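Here come two complexes built around subunit A, the first alongside subunit B, the second alongside subunit C.
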Partner chain A sequence: MERSMRADDVLVRVDDLSVAYGDTTVVDQVSFEVPAGSTTALVGESGSGKTTVARTLLGHLRAGARLTSGRVSVGGRDVFGLDRAGLRRLRSTTVAMVPQNAGHALTPSMRVGRQVEEALLAAGADRAAARERTVETFAQVSLPDPDRIGRRYPHQLSGGQQQRVAIALAVAVRPKVLVLDEPTTGLDVITQRAILGLLRELTLRLGTATVMVSHDFGVVAALADHATVLRAGRAVESAPAKQLFQEPGDEYTRELLGAVPRIGGAVSRNGADQSQRGESPRGESLLRVQDVRIGYGHRERDLAVRGASFELRRGEVVALVGESGSGKSTLAWSLAGLHGPRDGSMRYLPATGDGDLAQAARRRPLELRRRIQLVFQNADTSLNPRRVVAEAVRRPLRLFRGLRGSELAAREAELARDVRLEPELLRRLPMQLSGGQRQRVGIARALAGSPAVMVADEITTALDVSVQASILDLLEQLRGEHDLACLFISHDLGVVKRIADRLLVMHGGVVVEEGPADAVFDGPNHPYTRELIEATLEPDPELARASVRPEAGGDIRESLSAGRLTGLRHDATDPGVGASTGAVVWRWRDAGPEMVELGDGHRVRQWELTSER
Partner chain B sequence: MTGSELTVAGTPAQGTLRTVWAGIRSSRAATIGLAIVALHVLVAIAAPLLTSYAPTQSVPAEALAGVSWDHLAGTDQYGRDVLTRVLHGGRFALVVCALSTVAAVGLGTVVGCFVALRGGWADNVVMRLVDSVLAVPAILALLVVVTALGTGTWVVVAAITIVYVPGVVRVVRAAAQSVVPLEYVTAARARGERRWSILRRELLPNVADVVAVELAMRASWAALLVSSLSFLGFGANPPTPDWGLMVAENRTALTVVPMATLAPIVALATFVVGLNLAADGLAKAWGIDRFRRDGR
Partner chain C sequence: MTLFVARRLGAMVLTVVLASLLVFVALQALPGDVATQILGRDATPEAVQVLRDQLGLDQPAWRRYLEWVGGAIQGDFGTSLASGEAVGSELALHLRNTLLIAVLAIAGGLLFSLVLGVVAGLYRDRWPDHLISGASLVGMSVPEFVVATVLVLLFSVTIPVFPAVVLDDADATVGQLLPAIWLPALALSIALAAYVVRMMRASVIDVMASEYVQTARLRGLGTGRVVLRHALPNAVLPTLNVIALNVAWLVGGVVVVETVFNYPGIGTLMIDAVYDRDLPVLQAIAVLSAVVYALCNLAADVAAMGLNPRLRAGGRSTA
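And now, the complex of A and B:
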């Protein structure tokens, strides 16, 4: 099915769109156009109305919302002027959407092939053609073994593969317009890079007009040709991507871009902080973890952490980095006494007793228990929805410090001020607070026991960039004020670069690289670390696009000979660059447990090369 | 405690009560249901004031009389006023129903929350026990208990409690299991809180809506069960006025004085329908849907 394709074909035209929910205007006079073969991003923080705008392209409004002005036309038809049948036709053939969470968007009890076929049947294809087209589409989205993968159920696929199926579901009917709702938000950086590369290629090849919704400027930079920044339902700025990132015209855009953590260049932390970090004296060791192995079952393959060793010093922020499933959260939970290690030792060194952290929280002496505190990722579920948030802070104060009455109230207010929160806000229920405020309460709760070590498990992941920046600032201040050591768990290297003194990179349950933040970012690295660094998207269209290009990352052997990698086991045979034909892909394989010392505490676990066809 | 402390502590309780009240008010079904139930309770309490007859006073001369101004619902085979007996007849059922429901739901909630929190082998053992009790038909289990232990009010209460606890455990455990992995519970565990304390502070407030609906549902089933027992002759003893017993006593005379059988049936039916409406209304008004709407 060939379509006449002119670059100036405007397929999506949103004109003066306003949407109200009750009496509240959630979208206020937004206009934009998307020509065929190009991508427009709607960027903004949560509550900016970006998803509401994107969904109007499918003629969808949330229950209770209504159009108060404007027009949305897709492929030349006024979406809100269509009757039910027309709308159904529009959705089945002209416009398709890739949802945020593919894991939830796919029907769990239906083979993925059937799900794609169903979309094709709805668009009017016959059964045989649908089956053929499904396989074709699976190949197009680079799913492995496209002939047979359709027989699988969603749970048998990885997160990245599920997202590919969701994309296949959308592009199978060759829609003219593609709506991407935060298409890579739940994915780790390496998978994200692959998915973004695929989306970019598909948009160009199929000539679709793509509208993407995102809060992540890195993703926008990688994909969008044009971007509209939304704030509280209003478009504050609309510009070609390059221009938007290089010379943002609006104050708000500048603020947002300034808050995005970056890993490249000298734009990490401000100068004063930088020098402070350089001079920060190596404090006494607080925590020593040695050869810890943690598992959820009894077998060897149930191990989530298979041998981790590190130290944490007073006043130091150590970042624990790795993709989901690398064992970093398990390690954190174990330190907090929620899941005992199978063997190895974990000690809190300054303790008067033996400071053994291998025992469960309940068995630890009170004095030890309060020294290590956890802050959680999800501010929505980390506070009891039925209790005022003061209760969350007051409970540990009573339990750990034995405070009562006016003393308790005074300390409670003091903690609120410590985390820069109005003490009055403590009288509210969690749902009456914003995400950032809730996260501050979570931090206050951890501080209530006067801990020496704070374990922060992805605490900024669910937050908007500007809120994220303020929480990171807070953490920075707190570690000075309270002399805190912090184990900061994150998969976002930009955030890590901003806050961490040292890095621990985990992969498959082992620490593959450890060292001072600057040394790790400068390299040379373990191949996995390198991959993580290269897959991290900078808010800069050129860098981000280079990063998602299919050939990005390159050959592992080239990186090795260019000096970007280290830690290759010395007795392993190095096939050398150009030793084989192009069809062979070289990968790394763990060859630990020995680490290669690079000085200043920078250590890289040994690995070896392995070829794969 | 300081003043500010008190006001802060007062906020959630007030808030919760107000939420409950708003939930009931927002649902017509719940309002009507609760009104019916309240009416039944009032009538049972005030029964002696509402009629001029004694429920056990038999006047053989007036036996099997039809509907008249003296006897608005007629009389039964011993000449007792049917309306009087119907008004009094809820007392036994209501008391047994209330006591056993509160006992069953209370016990079941604590056990359900506990096993959800504890997990592991304790969870397995308790749930298999629950399965085995649930496998026995309720009325059969009741008859065994009553036959073995006699037919006192307390025996019936205990028997119904035993029969209903497993079901409550199962429902509450399921609700609690979705709360246990949430991070505020994890935080409490990392603080090294005692299990009972976690259960009371973190779990109970968040399964309260499920428990409330369960309370209303179980109460309606318990009312039916008590009446069934009485009908079978294992609940209230003659000459006590009781709905189930009245149906059993008067069904032979159904064709002669239909009101003597129908009146207690209508009374029982309205009570059960009231409880069911309340349960449905509450479930809809502040079940999962409502939580989503607020948490949006």
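And now, the complex of A and C:
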């Protein structure tokens, strides 16, 4: 960062800021500056105080929190010295925030255009100008049909579109300072890439001083020029982004960066079976799913899964990846017996009976029921808040094993040790445990029935990176100790890379590519898989920035001719022959149901090219 | 939306028909013979037989029901056994009188309770909230006849502004009734408001803590705007069903309140009809209250659609 900058270029100056909540200090003497045209990231795990710091730029403190020392100045004004009217003026004109979850942050009962107009009116625009600027801003954030999309309500937009509206809301008033509060956390990687590209372009063009809050080092790498790492309210390290990622100075930063799962570089997957990857099947087949279709209604378009087939073998981790809405969770819930499939077959093969998994969990024979166990994404909402967590572990022990008394207690303690949890912690209520501990309880509950198959539905999504890493280690160990097969559902390819033997990539309710994890990561053959892998952000500023550049991803036909993609339907003629490229965008379209075999269980669903102007 | 309302209206007709059937059957099941009841125990068997013929009591029950329904559709609810007048016109007159106080009670009560609920929610755990919540708890726990009596004590006896009882008959003009409607309306609206205030308070607290209200504030919008445009429409939603139930409850509430004030409305008519075993009148009133219940719920659903775009057809319903 050049030091030649004039002092008045510094738009945000946080000086020795401390905030206490009751008697607890949640922010402890944090200082940083953000000049115009630059982006500073506040990185840290939950509870680090990063959001609290960011929100002070808007003069906002949670109810019950108070400033104990320091000063926050924005555009030269002391934020906490402003009166109510001054604070309102600051928020409506100078500082704007892009909230974490636009789906919750947009008022559901108001048309999105009205919400933007309202922000402009509050900033002093007249009605006609506000209307005009709204459409202009919608175009600027690349919303489709900017003239008319303002008539929609938030629920009529996709998650990515909602986030674009939230960005439009923030930038419409041309603020000097932009606060991005985990701006892409709820989005899938492909949408995330588009949103980050947009934010990068906008912050550069508008020259805002930007403060972003994130727990995701990939996102930080993509946007930030400078980063401050927070831990328990203290800034442990503050450095230019490049330096922070390449030579982290602080032990904690190194630890965090080390815990980030990556796609590229060394495979951090432990275990001796690494050599066995890609080799022929190791264990017997446990689960066979064939042409399963699952829907939430009776019409064809209500189908969430439109024909999935796969097998799961003993001791194997198969990852089911895909963006939200791809049908992966539906498939998991169906296997667990929570939502029956419409047709196709799902079988647990070693069963004594017919092992039919198409029936609801409560209809399955007890023996079959215990064999397949689901671990929920949200350990905090899936545990009864009024019962000690031991109850959750005891129930399956009583039900499946008929254990009572001292036997029950012994097995319960054993399970706690299995998931590396102090047995005393089982006497607590869910809210008295940390997120990682709760998830361990969830896993212990699933293990209580000694299952053969564990279905893990996004079990690390809500966790901090360091906790996530420890849960992944645990899964890895359990797989060895209990010879568990695991269907691991995730949208995070970094995590998947770390743990999976095989990969199933889902899109629009069908499996578009499957194969040994290494083969798929090294040579993704379906355009969607390629897109997913490319959109995954690495904790490296250069790679991440390249990934969010608008031209990233490249031309699908170029990849095709370079032999990087297969599965183009053999009789499909290239509609681009003779057509001039340039304004034409090439996209893929599903042409299944045939799969192209690439050997070693690596298969790609057929697709074809379409052009879009 | 139109389709939805049409479907609901259809369902409503069905509900009302079922209700009327139920009422009819229940009244048939009452012990005793109507003709004997009317003529008294000393009547000669001949006289009773003549009346039975007149009333058609010898015909099978289903036939009498169908005839009654056929008449009711055309506005003919039969003849009152007590007064000998057409039930339809008598009912219309009393209904008009009840609507005078009911509409006033609903409009006033709702406005009053929504405002108080919002204030209580916004000033959660501070003195305006304590005051309003306390008062609404009292309003809920004290029966409406006590409220009515206290109102009479205050505004008729201590400060004689309004009449304590109504001396007019049902056919009095609106002008004649006008001074008498205020106290009954007030008594009703207090009972109505108590529940709505508490529900609204809880709902406002929820919505004010929501992310969209928080971000609207962080966008620098004024408090008035945030409350009216962002919070209120969403806070009213969960309250709508409570409002509908309470408005429908008024049908029962008016009986008590009208009796206290001797107000010539549906409630008084019903009490008299019960005393007189005036079955045609009772039947008509029962069907009327079924209609009111169904209409209130329909109105609540339509209002919910107006406030919540997610319930309106046309848009994608996914997150």
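Just so it is clear, the second predicted complex is superposed on the first by the 585 of 613 C-alpha atoms of A that agree within 3 Å, B and C clash if a C-alpha of one lies under 4 Å from a C-alpha of the other, contacts with A are read in each partner's own complex, and residues count from 1 in each chain.
The working rule: a contact is a pair of C-beta atoms (placed from the backbone, for glycine too) under 8 Å apart; a residue touches a chain by one contact, two chains touch by 3 or more.
Quick caveat, the model's predicted, so the values are computed rather than measured.
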(message) According to the stated criteria, A:Q156 is in contact with first (subunit B), second (subunit C), both, or neither; which is it?
(response) second
(message) In the overlaid three-chain picture, which partner chain does A:T93 touch, first (subunit B) or second (subunit C), both, or neither?
(response) second
(request) For A:E118, select first, second, both or neither according to whether it touches subunit B, subunit C, the two together, or no partner. (result) second
(message) So in the superposed three-chain picture, is A:L58 touching just subunit B, just subunit C, both, or none of them (first/second/both/neither)?
(response) second
(message) Tell me the contact category for A:R387 with respect to subunit B and subunit C: first, second, both or neither.
(response) first
(message) So in the superposed three-chain picture, is A:A562 touching just subunit B, just subunit C, both, or none of them (first/second/both/neither)?
(response) neither
(message) Considering only the contact definition stated at the top, list the common interface residues of subunit A for subunit B and subunit C.
(response) none
(message) Applying the document's contact rule, which stretches of subunit A touch subunit B when the two form their complex?
(response) 336-338, 361-362, 364, 366, 369, 373-374, 376-378, 380-388, 390-392, 395-396, 399-400, 405-406, 408-409, 426-427, 429, 431, 445, 449
(message) Quick check on the complex: what are the subunit A residues that touch subunit C?
(response) 55, 58, 60, 87-93, 96-97, 99, 101, 103-110, 118-119, 122-123, 152-153, 155-156, 158-159, 169, 325
(request) Please name which positions on subunit B make contact with subunit A in the complex. (result) 1-2, 4-5, 7-8, 11-12, 15-16, 182-184, 186-194, 201-202, 205-206, 208, 294-295
(message) Touching residues of subunit C toward subunit A in the complex: what are they?
(response) 210-222, 225, 229-230, 233-234, 307-310, 315-319
